[in-house]
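As written, the chains take the letters A, B, C and D, and residue 1 is the first residue of each chain.
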Amino acid sequence: MKVLITGYEPFGGEEINPSLEAVKKLNGKIINGIDVVAEEMPVVWNDIDKKFEEAMVKHKPDAVILVGQAGGRTAIALERVAVNRTMGKDNLGVARDEQAIREDGENSYFSTLPILEMLKAIKEDNIPVYISNTAGLYLCNYIFYAARYYMDKHSLDVPVGFVHIPFIPKQVAAKDRPQNFASMDLSLIVKALEKMVEVLA
Amino acid sequence: MKVLITGYEPFGGEEINPSLEAVKKLNGKIINGIDVVAEEMPVVWNDIDKKFEEAMVKHKPDAVILVGQAGGRTAIALERVAVNRTMGKDNLGVARDEQAIREDGENSYFSTLPILEMLKAIKEDNIPVYISNTAGLYLCNYIFYAARYYMDKHSLDVPVGFVHIPFIPKQVAAKDRPQNFASMDLSLIVKALEKMVEVLA
Amino acid sequence: MKVLITGYEPFGGEEINPSLEAVKKLNGKIINGIDVVAEEMPVVWNDIDKKFEEAMVKHKPDAVILVGQAGGRTAIALERVAVNRTMGKDNLGVARDEQAIREDGENSYFSTLPILEMLKAIKEDNIPVYISNTAGLYLCNYIFYAARYYMDKHSLDVPVGFVHIPFIPKQVAAKDRPQNFASMDLSLIVKALEKMVEVLA
Amino acid sequence: MKVLITGYEPFGGEEINPSLEAVKKLNGKIINGIDVVAEEMPVVWNDIDKKFEEAMVKHKPDAVILVGQAGGRTAIALERVAVNRTMGKDNLGVARDEQAIREDGENSYFSTLPILEMLKAIKEDNIPVYISNTAGLYLCNYIFYAARYYMDKHSLDVPVGFVHIPFIPKQVAAKDRPQNFASMDLSLIVKALEKMVEVLA
C-alpha cells in the first residue's frame, strides 16, 4: 500500500511552510507497512492542477493526505469538506475572485479519509486535534476539492482528504507579536501525520 | 552560582502543571556552570509564603526564576511587573478579594531578571517569547511580588522574576475544544528556561 | 414582494437570542416596498422542519433570510454555504451525531441571497460584516440547508440564505469574563438586516 | 463638582479615536449635578505632560477620568494600575524604549477612581465591562501614570483613573478582516462614561 502526502511551498510572506517541512520528513518512510511518498505543491492557481495530476500518475497512491499551513490555528485541523469556490492572490500575484473550481463538480465534497478514527488516534497520542468545517477558499481548499473531483471523475476508490496544521515555533518566534499566534512543534505535526497513515493501514 | 527555579502544583481542574513538569527536568542540572535546584510551590494562599521562604533558606540561591502556567497564552511570557494585589480562589477553596499582599510593600515591583537579554536569547533559539505587563492577581503574581519584597526586606542582591508558560499539548488535546487553546511542547519550555539560566551565567 | 425572516429561540444557557429580538423588531415592517414577516424557530432537531415548512406555506415569501446567534463572533456573518451534516444537542437534550440532513440532498448548497451586494451595503452603513464559509453543523446550518433543499425540491425561485449575528451587549455584560466575548448593539444588527432586505428590493 | 474627562487624538493609522468622539459628546454636560469638561490629548510623548497640566490648571477638576482606545478589546476596561515605564512610537515618529516616566515616582500607582463601584454600575446598565490589570506601556499608561504622580506631588485629593474602550463599529467595518476585531457602539461607550461620572456624584 502506498500513501501520497503533499505539502505546500511557503506563501504569505513566510520563509518556510511547515506542511512542506513535515511531509519531507515522511518521504520514503514505511509506516505499518505503508510506503509514504511526499510531493511539494505550488501556491499557484494555474500550476496546481498539473502538479497534482502528475503526482497521481507518477505514484498511483492508494490514499492521499493533503497538508497545508493554517497560520493562527492552535491544533491539527482535519478538514471535513471542500467547496467549489476560489478566492485570493497566489504566489505569482494572480488573484481569483469567487468562482467555481470545476463547472461540472459538486457544490462540495466531503473528505473520504476516516477523519473520526484519525481524530481519535491523534488525540490518544496527546496531540491537539479537531475537525474543521472550512478549509477556506484559497489553494488549500482548491487542492482538496480538485483531488476529490479527480477521484470521482476517474472512478478511483482512493481516499483523500486535507489536514491544516499550525505555524511551527520558529515562524512565530520571528513575528512582531508572538503573543498573537499559536504554534506546534514540527515533531508533533509529523507524529500526527504518521498517526493518520497508521489509521489507513 | 546557584539558581532556584520554582514550579506550581496543578490547579484550575488541570491534572498536571507544565511549570512543575518543566522545573523537575531542570532540577540538579548544571547549566554553563550554574547549579539549578527546583522546588514545587502550592496553589494555596496561606502556604505559599512559608514554602517560598523555606526554599530560600535551604538553597541560598544567587538568582530565582519563578515559573507558572498561563493557560491560553501562545508564548513564553517574561513578566515585567508584580503588583501588590490578590484575587481568586485557591486549591483549598480559600478566596481572596482584592487586597494588598504586603501592607508595607511597594505598589509594584519590577522583575530584577535581565528580561530583555532573556527575550533575545530565547527568540534566537526560535522559541516564541514576549514580555508581558501583567501576571494577573492570582498566585503567580503573588509569589513574584512576595519574592521581590523578600529580597528587598532582606537586602539581598538576588535577581528574581517570573515567567508564564503556555499549556503543553497533552493538556489541550484533552479539552473539549482544542481549537481554542494554544500550547507549547514541554521540551521547548525547558529549553527556554535553560536559556534564561544561561543568560544569568 | 414579501420577505420571511426567521430567528431562533434562546439556547446554550442564554436567556435571550438576539436573532429573535432582531427579527421581532422587523416583523410587519415595510422596507422599500417589501413586506417583512418574522417567525420564531425552535432549537429542536425534530420540530424545525415542520416549523419552517409551516412558515413557507403560511407566508409564501419571495425571499427568505434566516438569522441565528453565533456567540463570540465580532461581526455580521453572511454565510456562504450550508452542508449536509448535523451535530450537537438541542434544547430538548436530543443529540445528533454526524449524519446527513437529507439523504437525497446535495453535499452542500450555496446561499442564493446576493451576499456580495449585501456585504457592500452593510459595510457602507459602517457595520462590521464579512462572508463566512461555515455555519457550523448545529441548527443554524440545518435550517439553512433544509430551506435550500426545500426550494430545490419545490422548484421555487425564492432566494434564501443565512446570516449569523454576534451576542448583544447585555448577554456579554452578564458573563463572568466579558473580556472574552465580542458583542454588537441590537440596533446595528437590525439595521444590517434592513440593509439585506433593501438589497432584495 | 467638576469632572475632567480626556480623550486622545487618532493614532495607529485610524482616522478617528473613539475616546475623543465619546468625550466630545460629554463636554459641557451636567450629570447628576456634576459639570463635565472634556479635553483632547495628543499622542505625542513630548507634548502630553504640558497638555495635561494645562487642563488641570484651567479646569481645577474634582475628579479626572482619562479615556483611550484599546483596539481589539471587547469591553469597557477599567484600568487598575499605571506603571512607571514607556514604550512605543508616537504620532510624530518619536520612539521611547523602556524607560521610567518619572525618575522619582513609584513603580506604579493604583487607580483612585472607585472602579469596583463603577464596574457594578456599568454592568447593571447591561454594558460589557471588566477590570484590566495593564494599560500597556504606550501613551494611555503614560497619562494615567503622570496624572496620578501629579496628584501626589501636588497633594491633591483628586481621584483619577483610566478607562480603555473598544473600537467603534465604523472603524472595524473599514478593516480588511472585520471578523478579527470586536467593537462597541459609541452610544454605549458614552453611557458607560456617564455611569462612571454618576458613581462619582
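Note that in this section a contact is a pair of C-beta atoms (placed from the backbone, for glycine too) under 8 Å apart; a residue touches a chain by one contact, two chains touch by 3 or more.
Computed from a predicted model, the values in this text were never measured in an experiment.
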If you walk touching chains, what's the least steps from subunit A to subunit D?
2
Considering only mean CA positions as chain centres, point out the chain farthest from subunit D.
A
How many angstrom between the C-alpha centroids of subunit C and subunit A?
31
With chain centres defined as C-alpha means, what is the inter-centre distance between subunit A and subunit B in Å?
38
How far is the middle of subunit B from the middle of subunit C, if each middle is the mean of its Cα atoms, in Å?
46
Give the residues of subunit B that touch two or more other chains, as numbers and ranges in rising order.
none
Given which chains touch which, is the overall layout a line, a ring, a star, complete, or other?
ring
If we count contacts the way the header does, which residues on subunit B are in touch with subunit D in the complex?
80-81, 83, 85, 98, 106-110, 116, 133-134, 136-137
Along subunit A, where are the residues that touch subunit B in the complex?
73-75, 77, 122-123, 125-130, 132, 169-170, 172-175, 177-185, 187-188
